[in-house]
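So, here's a batch of structures to check.
Same chain, two partners: chain A is paired with chain B first, then with chain C.
Let's turn to the complex of A and B:
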């Protein structure tokens, strides 16, 4: 048993002194808040972001702030004890939290935040997922100085060029697709469907960052909420690959086809315009690569994404390519920080691509329904083997 | 009011249990003169906590989230080290008590004397910073009322009442502990303290997971938050006494078991030895520094 018979008083004093030093230096952050761009606090805080947490709401006074020290003044206006969390982009790692905010109290959360996307959450009753909202931290970040910063900027530039290129091709392809579809050239439309969507799938995390556009464009029928109108790619997919046995009366009419096709094109134009204004942060790119792999694991490898057309492998390939480009853009940074991790990711990408290449047919891929259970399992294993080291990419790039 | 009361009760219980058992032990073993050391430790912890809390709330600099969790987590684990030491120290001296060789007691307590302050300080100081931050926030709420805002002094009063209740509960446990016979006292309080310490170490691990020093924050072993809400009475008592968390990660659960099983085993073995006939125990007492339990240290 490692318990001291005589407690070493000097050791204890050292520990306490170390704690004090920690308090005095690295562990401290300024209470002076950074001015945030679009703050609309009700005059309650001295200058931070205010959060009003009730038993069923979580009103954050700003949706974005500049990187650096952020101060959240969290007031519990409800009757239950609450907690406030700031999660990093993946929605699970905690960037900061305050617990035990009793009714009527205001507690302060001080965090040093790097640029990127975050999620805020109030947890009335101190349990569950909480009431969540997206929060963006803008700016160039402060922790990466000198050469690192230059590499990071170059990485962001490369990725930006890629996304801009892809969204341009997506718009061009969608125009062709919509034209063929509206003209009743359904064979042509079916031919275009998967290759055009590949441009969307390659940049999915970017497209998904626009919370209003993504559900309008890429919602699956299975994910449709009660009372929600179904629009976008998968609605047209179902129409094009109308399931045998489904009542023909439920099929879209020609005016409806024109309406939804025009809607899709309009939304794509909107996406194209908005993407042009985006700037990318290294953590967004690294997390984006991981998100793409997660997309593969949850949708494509299971055949749920393209339930009517069974073109899941096209999406699979596009997701992997998008992740690969994000990773390749960051590669010079990874090489200086964690070359071993870079090599592992590289190797797993190659292995996954090799597995996927087995199912190529002509310019495209076999139907998802042609895969045996063992083949799906094998693909899934390859995806998981890549996802694990890829999940460490963000930390490797930023820390 | 009730919600704030429960917070005060929970934090108060966490702090008072160890102190109460320590005081009861000193009184039972006729070392009442050492009790002021414990109060000194408590006073230091309260003072330091309040000072830091005030500094972090009103001062120019706040504590970053990671640092707060890292300090909380490390202090918890340090506290467990001391409480474990204390449990065995008490069990070992109990052997002296049972064979009525009082001359040995003070020698056994010699090592404990300096550290009693530290044990009391850690027991209270561990939750002190969090509680102090809460209290200062409540003070601010009360001040705002004076300036015409909507809040009232209810949060502060609620938390204070909760702490008072915790002290009363602690006192009742103390009275109960005094009434137990000695061997029962050592067995029960020792076993209880081991469970408390296991909870503290698991909680410390959770803090370090939140600070991302340890992994696995989202791998839950079980989640009974729906049945035992953390803000309910039951949740408060379980958390305040055993540091039970309704949503426990695998790492926390693993650490809890890894602590309880060997420590409880060694403790019960020590207690069983103490309860052997005094003829067997007496000859070995002079050699007590080299007895099995201490030689293992």
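Let's turn to the complex of A and C:
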């Protein structure tokens, strides 16, 4: 589901076996070989450089290309899993890499290359120096790869500080919530529920990356398997907003309330400790931003997440804020690589926030059930409008 | 309704001899695969996949529409029996059987006998002039037929309910719509022409009025599985080839082992021997969020490359996935949550199922999202061993679940084939 589950290897920072979608964005200078900028062609670019990689050969169809976006179409014609690398002049720094190409498969390496001398390498069996050859990039590039890396590191640092701050506030808020709930101060607990959860929702892709904690803390009743024990926020939510007509006999007893509340607090402490050890890659941040919007599109805008409390708009706002921070952290990188994409995303974040602001009440939001169908549809349209360009952010940042 | 073959729609319109008529030689095989039959040149030209016959036999040891090469279109319907008497239910099954024999031949319901001018015609008429389009009609009995929610045995068959015929359990993340789930009876109509499939369900519904009422139905286009080696593997709405490892009609031994209920499987329900169980699931796909997902992520979730359908461990479409092949990070190329790994027989005690799913799009929802997905249909010998464990695992672990919502669910026992003069499910009532 969310990003750290499939962590990208560090080398992926510079390259992406991606589609041409990203190439349509304005920041990619148009160069030879010219891939099709036509979105939706499934990545079948014309005029790319083909690489046939066997167990003992590495046939690259060209030995030079003009600077800019290069597309290598790498086919594994051998019998072992292989990899293809583009090294910078010193032969060790990786300019681009495509990994894990099974026999018979074709993978694409899209890389932005400055003028200079490079080395191509196929690595059958994924070990050793590989089968190497010289590759020259001509022309006059302008961007500076070293600066990109510095910006990327800064972006990761900024995002890390944000996540650490949020998980700290989540822990503090959960303590207050649990105390009120266990003391039987249910009005207070209901007041705290949505604002405290917002700290969770802002960092949802990170929180969800702990595959054991996420279901314990955030599982919805509909997500349960038959016979599975239900714990976490939404169990307490149902207890606090007990549905009219549901049998009172099914309600939690006081000892159960204490047990599940303590469990939630213990799990939050666990999350807090584990988040402290995390480091972020730019692709994780960019994907995380998109995933937060997908969360909104599939769960929050439909009112399915907070089915008892109807506080979905709090979650909605928090998901959008989390995505916004990830994007803002990456913004300096986006500004150098694809400023047009950055402007579109910025403008759509603003539009979505404006739509959402219409439903603010006091410190929070109206109940989801107060929204008309037309209002929900309008919010949904704004989410889609933002999520589409946001889905190109990862590729724009990395390539 | 009489069993009289009556007037063919084709003959009625003077189309006989137009080159589409096919000899009966191919029908004798029972499975209706019929490679031996005379090919229909016009049909074959329009679709490279198309089987060489233009219709499948209704009678045989097993019901048609299971291992029959999957047609292009589906109209699936589930019914609630509104009558409470056993005799009425049996009468409906007799009438449905007679009508099905006519419909699958491309004949009119009622045999085309001229009716009274002042009365509505027996056949609704929208399929007049259309070829049989390889229509198959497959009938099934839901658990509620054997005992309703209060456990009432309306038709005196409660004691013969197959053990495995129960409502499917709630699987993780199920978000079921009761109005698209369950049912006392089901009819699967498959054909190459949607009008022919819809015509069949419409006429069977009409016959049922007063005895059974349509509970829900689903239209499908674009079969998402191949049930014969003569067919190419189609793609689902995620753009990926699906069901490459599906059971095929030609694998007779495996079909016997995994699809047909054996005579001794369930001593309390011997009437079901030669039949099967039908699992139906309406799976909505989050098309819009899928389309925003990188190709890398899409392929990792599925476990196949998009272009060829080859497993990410390498090879071609039909190469067996190799779960041991590791990538540069030391982790398997087919990740633990990839669909191919989780669904593969080797990871599921070797069980196989015969899938017969269809893509569907029912317009859009109120938020402007396509209401689209996969109408999953599978035939298995025992849902308790061949579906429930796998679905429990997939629902909990499959990375694709992020993009799926299961909105409808149903299980039916599918009686064996019908011999001439019999009605569908006759052994259950005698």
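Keep this in mind: the second predicted complex is superposed on the first by the 254 of 399 C-alpha atoms of A that agree within 3 Å, B and C clash if a C-alpha of one lies under 4 Å from a C-alpha of the other, contacts with A are read in each partner's own complex, and residues count from 1 in each chain.
Throughout what follows, a contact is a pair of C-beta atoms (placed from the backbone, for glycine too) under 8 Å apart; a residue touches a chain by one contact, two chains touch by 3 or more.
These numbers were taken from a predicted model, which means no experiment stands behind them.
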First (chain B), second (chain C), both or neither touched by A:95: first
Which of chain B and chain C A:377 touches, first, second, both or neither: second
Partner chain(s) touched by A:228 [first = chain B, second = chain C, both, neither]: second
Partner chain in contact with A:81 - chain B first, chain C second, else both or neither: both
Partner chain in contact with A:112 - chain B first, chain C second, else both or neither: first
First, second, both or neither for A:126, with chain B first and chain C second: both
First (chain B), second (chain C), both or neither touched by A:103: both
Partner chain(s) touched by A:248 [first = chain B, second = chain C, both, neither]: neither
Residues of chain A that lie at the interface with chain B and also at the interface with chain C: 1, 5-6, 9, 19, 81, 99-100, 102-106, 126
Contacting residues of chain A [partner chain B, same complex]: 1-7, 9, 12, 15, 19, 22-23, 26-32, 71, 79-81, 92-97, 99-112, 125-128
Footprint of chain C on chain A - complex, ascending: 1, 5-6, 9, 16-19, 42-43, 76, 81, 83, 99-100, 102-106, 126, 222-226, 228, 287, 290, 294, 297-298, 301-302, 304, 373, 376-377, 380-381, 384, 387-388, 390-391, 394-395
Chain B residues touching chain A - in the complex, by the definition given at the top: 1, 3-4, 6-7, 52, 57, 59-68, 70-71, 74-75, 78, 81-82, 84-85, 88, 110-112, 114-115, 118, 130, 133-134, 137-138, 140-141, 151-152, 154-155, 158-159, 210, 212, 217-218, 225-226, 229-231, 246-247, 262-263, 266, 289, 293-294, 296-297
In the complex, chain C residues that touch chain A: 169-175, 286, 288-289, 292-297, 300, 305-308, 310-316, 319, 325-329, 333, 335, 337, 366-369, 392, 395-396, 399, 402
